[in-house]
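After this come two complexes, each holding subunit A, first together with subunit B and then together with subunit C.
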Partner chain A sequence: MRTVAKFLLMLAILWSHTGLAQPRIAIIVHPQCSFTHLSIKQVVDIYMGRLLSLPDNHIPLPLDQQGGSPLREQFYETLTDRPLAHINAYWARLMFSGRATPPRMLPDSLSVLQVVSQNRDAIGYVEDEKVNSSVRVLFYLE
Partner chain B sequence: MNSQVFNSLNTQLSIRVFVGMLLLSTLIVLGAYTLAFDDTQRDAQQQVSELVDAMEYSAAIALYASDAQIADDVVRGVLRGSYVASVHLRNGRGLDVKIAKYPDSSEQPVVRRGLNSPFDSSESVGVLEVSLHPPIIRQRAAASAKKMAIALSSIVLLPTLLFWLIISRLITKPLLDLSQQLSMITPGTEQRLRLTKRPQRDELTNLANDVNALLSVAALSLRKERRLRLHIEALEQQYETIFTQASTGIILLDQQGHCLIANPAVRQLFADWRDDVQSVFSLLTHWENSLFFEPAEFCGLVKNALATHNPQARDLRLKRKTGEQQDWVHVLISCHPNPEQMHIAECLFLDVSNRKQQEDEARFQSQHDALTSLLNRRGLEARLNLNYVARDNDNVTLLLLDLDRFKQINDQWGHLAGDKVLIEVAKRMKALVRGIDLLARLGGDEFLICLHGQPNPQALQQFLLRLIVAISRNVDLGDAHHDYVGISIGAVQYPQDGNDLEDLLQKADAALYQVKHNGRNGYCIYTEQALVPVLFARD
Partner chain C sequence: MKIITSLIAIGGLLAAPTATAEWNIDLSKQSRLRISGFGTLGLATSDQSQAALTRDIADQEGISSSSLPLSTDSRLGMQIDAIINAEWSATVQAVLKDRPAQTIEESLQWAFISYRPNANWQLRAGRVGLDIGLVSDQRNIGYSYLWVRPPIEFYGRLPLLQFNGGDATYSFDVDDVNLSLKVFAGEASPFYPSNPNYNISIAPLWGGNVNLRWEDWHAQLSYVGTQIQSNHPGLQELQAGIDQIAAFYPDAASLSQRYTLKGTQNHFLSAGLAYEGDPWRAQVEFGRLLHGNGFVSDIYMAYASVGYRIGSITPYLGYSTLWPANGRPQVPSPLPDPLLQAAAERPFADSYSNQETLTLGGRWDFYNNLALKLQYDLVHVRNGDGIGLWRTDNDTQPQPKEFSNIFSATLDFVF
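After this line comes the complex of A and B, so read on.
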């Protein structure tokens, strides 16, 4: 009886590990970036084209991942607590008016790391295990 | 005529029904309008709210991203709402879009919706204000109320019309018809009420039948009454004719003697009649003073009749005189109760002047001697009864006279001469006696003088002497012939010589016999003792 319970408990722990298989997402900027403390809300506003300029006349350059990648979906859903479709609809509406443009899309995390490491105003997101020293992590999305 | 139409049952019914309906409809319209206004207002709010709901996401995006283009789209979209007057979208960060369809006014109700960020429900990004346009709401409400009112009114109107039609057809029209028919019907004729197109026996039919029954009864009694009236009229005509044509004067007097009615004969009978006397003037007083010879008599008759209720009749002499003839009327007074329970006197006046004259003549003839016009024996007895014997205290001297030599004159000169002698003697005696004394021819050559009062013996003797002298003077017999008669007188005195006329005459006769027996032409006054005649020789 006790053995059965122990087995079930172990099974549950194992299952829960595989459930948490999603990686943490790191919000990254240039190491000499002027804005070292950004709130989640500011990040949202930057990615949604609302926050167009930061103090000291820095114009933030948000970088997006390739459309259809699970990382992108996880990023937006974690960041805004809204489904990706919502975000797409938002951009569709804004783009219709022709004034705003969504963040620039890059093919993979390596490209993101490269652009961020080269541009002091850039801001991007990658899986936390891909973070290297060329960038600075603002915070992690969990 | 106008008021008659206005008062008619049908008009009244129609007016009331329509006024009632109008009031009801007005109430319905007012209610409907209020309801519709509230409804429309709620509807407008609802519609705007729904519009805002539909536009909320786009508005939130516009405000979040401060996108003027989207904001403009949103505002124009909301402005499409038919009740919307103006739309105002602002975020306080430079985006402020306001478009008005109608000018602003203070009474505009406003739907205000705060908008949140599309990515953070807790962050407010701005506000959307929508003003409504009340005139449009009112207009819509009025239109909707109109529809509702029309619908409701027709619901009221049609049944009312139907009801009115039924009432009118079933009750009002027949009643009107009945009333018109009844007003055309003359009671007493054979006209009757007729109700058409009413198969069932309802109250109106019963009413018509009852009225018809009443009309029949009325006709019957009217016919009876008419017959009776004709009869009465004929009778009245007869009585009227009798009354006016009667030669008898008819007068009705009330208790006070006022004349109630008089017929034409009265006017002919009494020349002094005045019409104004009839009613106001007391007839009794008037007649007492002017009409009757002995007015108290008529008065007494009337009062008697009224007191005793027995008829009274008498011949009365009128003051009026036509020529020498005296006027007499026979008055018959009878008493009748009149309707007011007071008795009235009915006086009939019959002109009996002729009869009275004939009666008088007959009485005169029966009581007078035709030749000398002196009283005869019967007349004397009547007069003595009337004038003397009835009076107890009176003294009367009776002289019984008998002519001497009368037979000789008759034989010698004929009867005509004898008559002349008798007439002459009567004349001479008349000349000697007073008016109150009586003079009679008892028959043949026998006369009687009745002297009123008791003269003393000397006066009586003187009178007798004068009588003897007067009578024994020559009498002219015509054709230049003269002759003379003597006179023998027997005198008795009432009451000392006797009470009875027969007895007195017998005693006078005895005294007369003494004169005749002793030589004629003298007198003898009766005494209980020996009768002593006093005789005179002629010349």
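After this line comes the complex of A and C, so read on.
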């Protein structure tokens, strides 16, 4: 019985990795934030700790998704063309040498939406179907 | 103590998947408290029983066929970041590893306050990392680099990782190029390499660097100077012995003077270039270390390494070398007492390094925040007298074979 359960679990994992299409990722900000445009490079630089001021001279509050989540992996791979392990090693270097702190990690897209809707300097990313009227979409990552 | 360190490293590894802890007063504000850590569980051995190769000259045991395989590369670090607001933050990091003495003072890696008045400036005060090479202040964080350990020929003679003082960094962009300039100053009092009984007093310590980043490229020029404020008690005994025979040994005064450390200055200059692309990664560094005392030779050091990622595995190849600027210092004329002769020659021999290493390895990023590395090193000691990076456990002079094979495996993690 246990073997069958394991087999089914394995099948489920395999299916979830191959069968599902990747979601479109929406880059979101507060609806009343003072800028209407950020380039992909600016978003990369904000998430990599290289850009420390927004177009309105405010300090950005980038929000990240949970550690090993597929959404986070897709976000960084699309944005930087790098595997997630490179990003993790990059942040290990900056963080543990005391140069910078990585973006705040939130448990799920719901919390990202909530925090973005509360802070004009916040930037987040969520699956496009989760977007609601409490935030504004800057652009989509395909 | 070594076993305790290893056990804690294993414990840290088991805890790693539970991830970083973060506390927020208000999620929508910058302020937060973050607890995170890193570690390496490392095994290393060699085909040498006569001498152990050290990771750096502050390393206690080194790698040999009879050393504890866990001791050289294993370490565990914990860090607390208190981010007060966008300008102010405080960081404390403690690292447990094999070292001359396991004191809290030695284990405290960083403890500083950081102030960013704007996007260009960062000021740090407290105990901060010594930033004098592409990986100088990241050497404990195995997960952040490709190899099992930073190239021994380059970083082995630079054991200082931190100092008490402060640094100021100014960075700005010119088109696509990011430039950053850093200056730092402070003092440090590490243990003498291989001797947990004495601290060496360094004051002041000063320096700076220039960093240029463009796309996947990073170039760095750096400099550090140190002024030594203390003498080594063992060398002072030797000096007293030489001074006693001054009446019938004409070179006594000049020989004795060579072992003085107090008042001498050391200088280190380096240039590095890294390409952190994908799938290729490469870096080279060149350094020159100048010693102001009369018994340690000036040295040149360099390394080059390249890696190519295939899926989650990155094989890499490296070459590192270190060579003295001059021949090995000698006692000017034979001393009347053979024991004193041996004692006078020993510091010249022990600090003389001349060797090269060919490195082959692979890093496997098999799981989020976990990497497994396997590495082989072929170490060549030139002329039989470049033994400065080698140790024995009974304090006899190390006699490494001309060629040694070193085998290493590490599990590196961050959490």
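Just so we're on the same page, the second predicted complex is superposed on the first by the 120 of 142 C-alpha atoms of A that agree within 3 Å, B and C clash if a C-alpha of one lies under 4 Å from a C-alpha of the other, contacts with A are read in each partner's own complex, and residues count from 1 in each chain.
Assume a residue touches a chain if its C-beta (ideal position, glycine included) is under 8 Å from a C-beta of that chain, and two chains touch if they have at least 3 such contacts.
These numbers come from a predicted model, not from an experiment.
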item	value
When subunit B and subunit C are modelled together on subunit A, clash or fit	clash
Touching partner for A:Arg82 - first (subunit B), second (subunit C), both, neither	both
First, second, both or neither for A:Val44, with subunit B first and subunit C second	first
Comparison of subunit B and subunit C by subunit A residues contacted	C
First (subunit B), second (subunit C), both or neither touched by A:Pro55	neither
Contacts of A:Gly98 with subunit B and subunit C, given as first, second, both or neither	both
Where subunit B runs into subunit C (options 1-9, 19-27, 37-45 or 55-63)	55-63
Residues of subunit A at both interfaces, subunit B in one complex, subunit C in the other	50, 81-82, 86, 90, 93, 97-99
Parts of subunit B lying in touch with subunit A, wherever the complex brings them together	58, 61, 64-67, 69-70, 73, 118-120, 123
Subunit B contact footprint on subunit A (complex, rising order)	41, 44, 48-50, 80-82, 86, 90, 93-94, 97-100
Subunit C residues touching subunit A - in the complex, by the definition given at the top	19-20, 22, 24, 27-30, 32, 34, 36, 38, 77, 79, 81, 83, 86, 89, 91, 93, 110, 112, 114, 116, 118-119, 122, 124, 128-129, 131, 137-138, 140-141, 143-145, 178, 278, 309, 312, 365, 367-369, 371, 414
Contact footprint of subunit C on subunit A as seen in their complex	50-53, 59, 61, 67-68, 81-86, 88-90, 92-93, 95-99, 101, 104-106, 111, 114-115, 118-119, 122
